[in-house]
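Here chain A shows up in two complexes: once beside chain B, once beside chain C.
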Partner chain A sequence: MKNLQYFFPLIILGILLSIPLIAPNPFILQLLISIFIFGQVSESWDLGMGYLGLFNFGHLAFFAIGAYTSGILALYFGVSPWLALILSSLLTFIIGLLFSLVTIRAGSFAFSLISFAFQSMFLHWVRGGGGPAPGKMGEGGATFTGGTLGLGAIIPIPHMQIGSIAITTGINKIPAYYFTLILFVISTYTMYKLVNSRFGLAAVALRDSRTYAISRGINPLTYNVIFISFSTFFAGLAGSTYAHLMGVISPEIIGWSNLVLMCCIVEFGGLGTLFGPAAASFLITSLTYFLAGLSAYKNIIIALMMLFTLLLWPTGLAGAASWFKSWFLKKRERFKWIRF
Partner chain B sequence: MLVDDFAGILISTLVSGSIYSLMVIGLTMIFETIQYFNFAHGTFFTFGAYFIWYLINISNLNYLVAILLLLPTSFILGFIMQRFIVQSLVEREAGHIILILATFCIGVVIENVILIVFGGRLKRLPYLFEGYITFGEATMSYHKLLILITSTLLLVIFTFILYKTKRGVAMRAVAQDREASYLVGINVKGIYAITVGLSSILACMGGWLMGCLLFITPTFGGDMLSKGFIVCTLGGRQSGMKGSVFTSYLVAFIETTLMRYMPMYNVPPILFLIVIIGLLIKPEGLFVRT
Partner chain C sequence: MDTILECQEVSKFFGDFAALDNVSFSVPRGIIFGIAGPNGAGKTTLFNVITCNPFPPSSGKVIFNGEEIQELKSYEIVHRGIARTFQTPVIFKNLTYFKSVMVGSIYGNLTNLKHNVFGFDRHRYEKKALESLERVGITSKKDDFTQHASLYDLKLLMIASALATNPSLLCLDEPVSGLTDHEIELIWELISNIYKDLGITTIIIEHIMKFLMNISDEVIILNFGKVVCKGMPKNVANDEEVIKCYLGDEYKRVLKDMER
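== the complex of A and B ==
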């Protein structure tokens, strides 16, 4: 019975591994690459939102910090893309650690407010350019973050390379596909282990009954900071991957429409389930690809979808799955509302 | 030179501080009564500006009539949002994440409807009164004076409503103890909806006042909302009317002073750092009532 918990994930992983061999269609591969990146970001967001009950509105800002640090290191300082990947996710981890250390003490309400402010202030700074770029590019008028034009718009951010194979979303998408898939699987597995360790149990205990958990000796600050900084680490890793794959990043990646999309993925998948957001990433990212021509209507559709999920079925996809399971096993399970 | 700088900084501080205080009083009013933060507040701000723009330019109404029409419309907007959408979540004792997500969704929907109806092009509202007064070297347009007067007047009216009318007393009672106010026969649902309606009036009026100074875009409310949140965290969530207004002017003063001597795009990060320092000194907020 113990091996059964890995049965379905392994089947899905097998299917995903064989997709480039069956259907090497660039459209499908591109879609799946963005599904993996968005899935990683939304899972890491769920780590804070679902397991801690702390709404980190600035999660996409951490995604962007990872992306921009990686891009800046590789473009202006000539750091190898692989090293930039590691350095930028470590930097995001440290920033997330400091950010959460300071802000969590103010309480969960203030945390959501200050992270919202963080997100919009960061967006402002990135749009403004943040001063001239170092070296020759700065003399040519380029700004540090690239401004509204985006970083890498003039000279693209270098791609990661294994030997002579470039990992990019250019013509040959297959290396990029496998790279993002491996990262997605590794980070999902790490988060799954983290959530099921004693850290995860302590976090859930803090979320559900704060006073009781504290009286049993769980330090809220430590566990909250650990979870938030790990979630920012995975966001930074995803952001850095994104930057090196696409070769160009614009401030739009933390704009409203992406924010709504990510929120919808997390909420539609089910808060605090980890696999729910991963599954919802498949559904909703594909949906947005088909709605791509409708720009403003797309946001309305996604926001309404999220609102109706909140009002009618707040446990999302994961809740639906467990309901079907209990129905299948003929065990009546009462419908649950989320209380955090 | 320094004196002229000071006069200019003072005028902009007063103007943006009044707008922030309109925003923050609305936010904290909802928080004290219903215990959530309205993330759609910025969109109400945008809605106010676009509503006035539509009535003046498309319906060709008189400016004053348009402003008078804005008051009931904004009240109804907030009332409907609370009564028909958020109320069902509040009754279910949903936590703050669910409420934040729900209000955020409503905000996004309204914002994108505005984008579809009006398009993304920059728009500007005309002034209600043209002309300006001069103090030495510094000039102040009548509109800026109007902002000061209107926001003060609105806050005075709101204090009057809160402390002198029956509904206002009921609102304060619900804020203090929800269960007890059920027992003495207060219609808590209605009070909740009225609270959100009133705060929505403040946001929409702020949107109109600011729309004359800045260009209107469908997202300009979000920016104001983040400033409002900064004031909320710095001053404390339950700092009351005085604390909120004082912190608004403080943040506005810091912001305009930095703006005067620094590149504009470096101001937001420094403002954010100041809030972080404030949080380090006093995590619960600078002006929290004990």
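== the complex of A and C ==
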């Protein structure tokens, strides 16, 4: 049974690897690229929200910090996009570390509120005063970030290159597809290892019973800070990838609608399961894409679907999966032909 | 006999209310020490201020192995060698029995983040956790989740995870409350075995006076946050004031039964 834990992930990985060979449809590839990026963001959010029970409202702000830093470094300072990717993720890690070091002491409710304030302040700064007029240059951070127009709107953010192969979302999306897939797999695996390590043990212990965990020698601040800063690191990595792939970042990516959507994805997938949010981001992003023809009704349909799923399985998709698993084991006789 | 734990005029105030009022006592090394008293006497508060979890004392000194510990954080106190259990069973509901004990085994012994990152020897801590599970006799359940465990199992589990932290002082907060007579006997046996085999000084808070008298070498009685009486269990049980405030007149009859 021990090898079985990698069985399904490897099958899924195999399918994902072969998709460009079977169906090199640019729309499908584009959809999967954004699923990988937002899957990574929702997984990293789950690291803090699910495993620590700390609701980091400003998680998308860290995504944006990664994106904007990477874009600014590459656009204005001529830094190589690869170096910008590393530097911006590291910067996000450091900002996340400092941010959590200061705010987690205040307790979990205050942490949520402060992170929400952080998110709003950051959005305001990026927009440059937040006036309704687009492209209001020269105020706040808008000098660097391009205001509401977005960074890279005039001159696009340079994309990454391996030799002569460009990783972009232009016509040939296959390099970009594999690049985001590899990043997604590496970060998912790292997060999986992290939550199953002794650090994950400390985090789960602190979430389940803080007093008991402390009385067994866990320093709450240290392990909370470690988890939050790793979660911001992966968000920054995803943000930086996003910036270089799309070539343009607008403040909308951390706007209210995106924040709620990502939050729903994590809740819908199942808190503290890591694969749940990834699966949910796959489901919801593709539904949004395929139901696009229904315009306004699509949101109603998606919302109803999420509501009913959560009514049936309050722990989200992960709960549904474990329900089906136990149902399957119960009816094993009927499925005898599948050998385990 | 040297002293392992000493409380000097420890007080704890909640607003104007004194939960502990100038409590002073000392625990010699290598004995089983009992704390008893009526409801609301401040017994659990005493444990809370000794382990600083969740609050330190308002005034006074707690000296453990010659070091003042009332200013330390509670996780540092665990690293000094005081492990406690809780009156109401607390669990890590998403962890298995084994993992719950691993929390104590890893984090009770690792004093520094540096040691956690570099040169971590998982095998050593797993061995320690298995050893503790075996000592309380729940090795067979090690892969079960604690969410649906019985009260008895939870009490055993708390003792196991406390033992996994390598304590030199074990504080048990009502280890037998809510259990059946048979289970009380089993826990009594377990505590005496732990004491006999490992020689860990043990402090027990207990309501059931009979249990405490059988097991402990020295007892203090608290009432309204004050020490009413201290000494050998026999002498304490015969003390007039203790009978008046805690045991009740009926207890004299029980005492006679026991002597018979």
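By definition in this document, the second predicted complex is superposed on the first by the 292 of 340 C-alpha atoms of A that agree within 3 Å, B and C clash if a C-alpha of one lies under 4 Å from a C-alpha of the other, contacts with A are read in each partner's own complex, and residues count from 1 in each chain.
Methods note: a residue touches a chain if its C-beta (ideal position, glycine included) is under 8 Å from a C-beta of that chain, and two chains touch if they have at least 3 such contacts.
Because the structure is predicted, anything quoted here is derived from the model rather than measured.
K.L.:
Looking at the overlay, does A:S215 come into contact with chain B only (first), chain C only (second), both, or neither?
P.N.:
Touch partner of A:S215: chain C, not chain B.
K.L.:
Is A:I253 in contact with chain B, with chain C, with both, or with neither (first, second, both, neither)?
P.N.:
A:I253 contacts neither chain B nor chain C.
K.L.:
Name the contact category of A:A205: first (chain B only), second (chain C only), both, or neither.
P.N.:
Second partner only.
K.L.:
Touching A:A278, do we find chain B (first), chain C (second), both, or neither?
P.N.:
The answer is neither, since A:A278 touches no partner chain.
K.L.:
In the three-chain superposition, say which chain, chain B or chain C, touches more residues of chain A.
P.N.:
Result: the larger residue contact count on chain A belongs to B.
K.L.:
Could you say whether A:R127 touches chain B, chain C, both of them, or neither, answering first, second, both or neither?
P.N.:
Only chain B is touched by A:R127; chain C is not.
K.L.:
Would you sort A:A61 into first (chain B), second (chain C), both or neither based on which partner it touches?
P.N.:
neither
K.L.:
Considering only touches as defined above, state whether A:L113 meets chain B (first), chain C (second), both or neither.
P.N.:
Touch partner of A:L113: chain B, not chain C.
K.L.:
One more residue to check, A:E267. First (chain B), second (chain C), both or neither?
P.N.:
A:E267 sits against chain B, while chain C stays out of touch.
K.L.:
How about chain C: which of its residues touch chain A in the complex?
P.N.:
51, 53-54, 73-75, 78-79, 83-84, 86, 90-95, 99-100, 102-104, 106-110, 113, 116, 120, 122, 161-162, 165
K.L.:
For chain B, which residues count as touching chain A in their complex?
P.N.:
Listed in rising order, the residues of chain B that touch chain A are 31, 37, 39, 85, 88-89, 92-98, 100-102, 104-106, 108-109, 111-113, 115-116, 219, 222-223, 225-227, 229-230, 232-233, 237, 263-266, 268-269, 271-272, 275-276, 279-280, 283-285.
K.L.:
So in the complex, which bits of chain A are touching chain C?
P.N.:
Per the stated touch rule, the residues are 198-199, 201-202, 204-205, 207-209, 211-220, 222, 272.
K.L.:
Would you tell me which residues of chain A are touching chain B in their complex?
P.N.:
49, 53, 55, 102-103, 105-110, 112-114, 116-122, 124-125, 127-131, 256, 260, 263, 267, 271, 296-297, 299-300, 303-304, 306-307, 310-311, 314, 337-340
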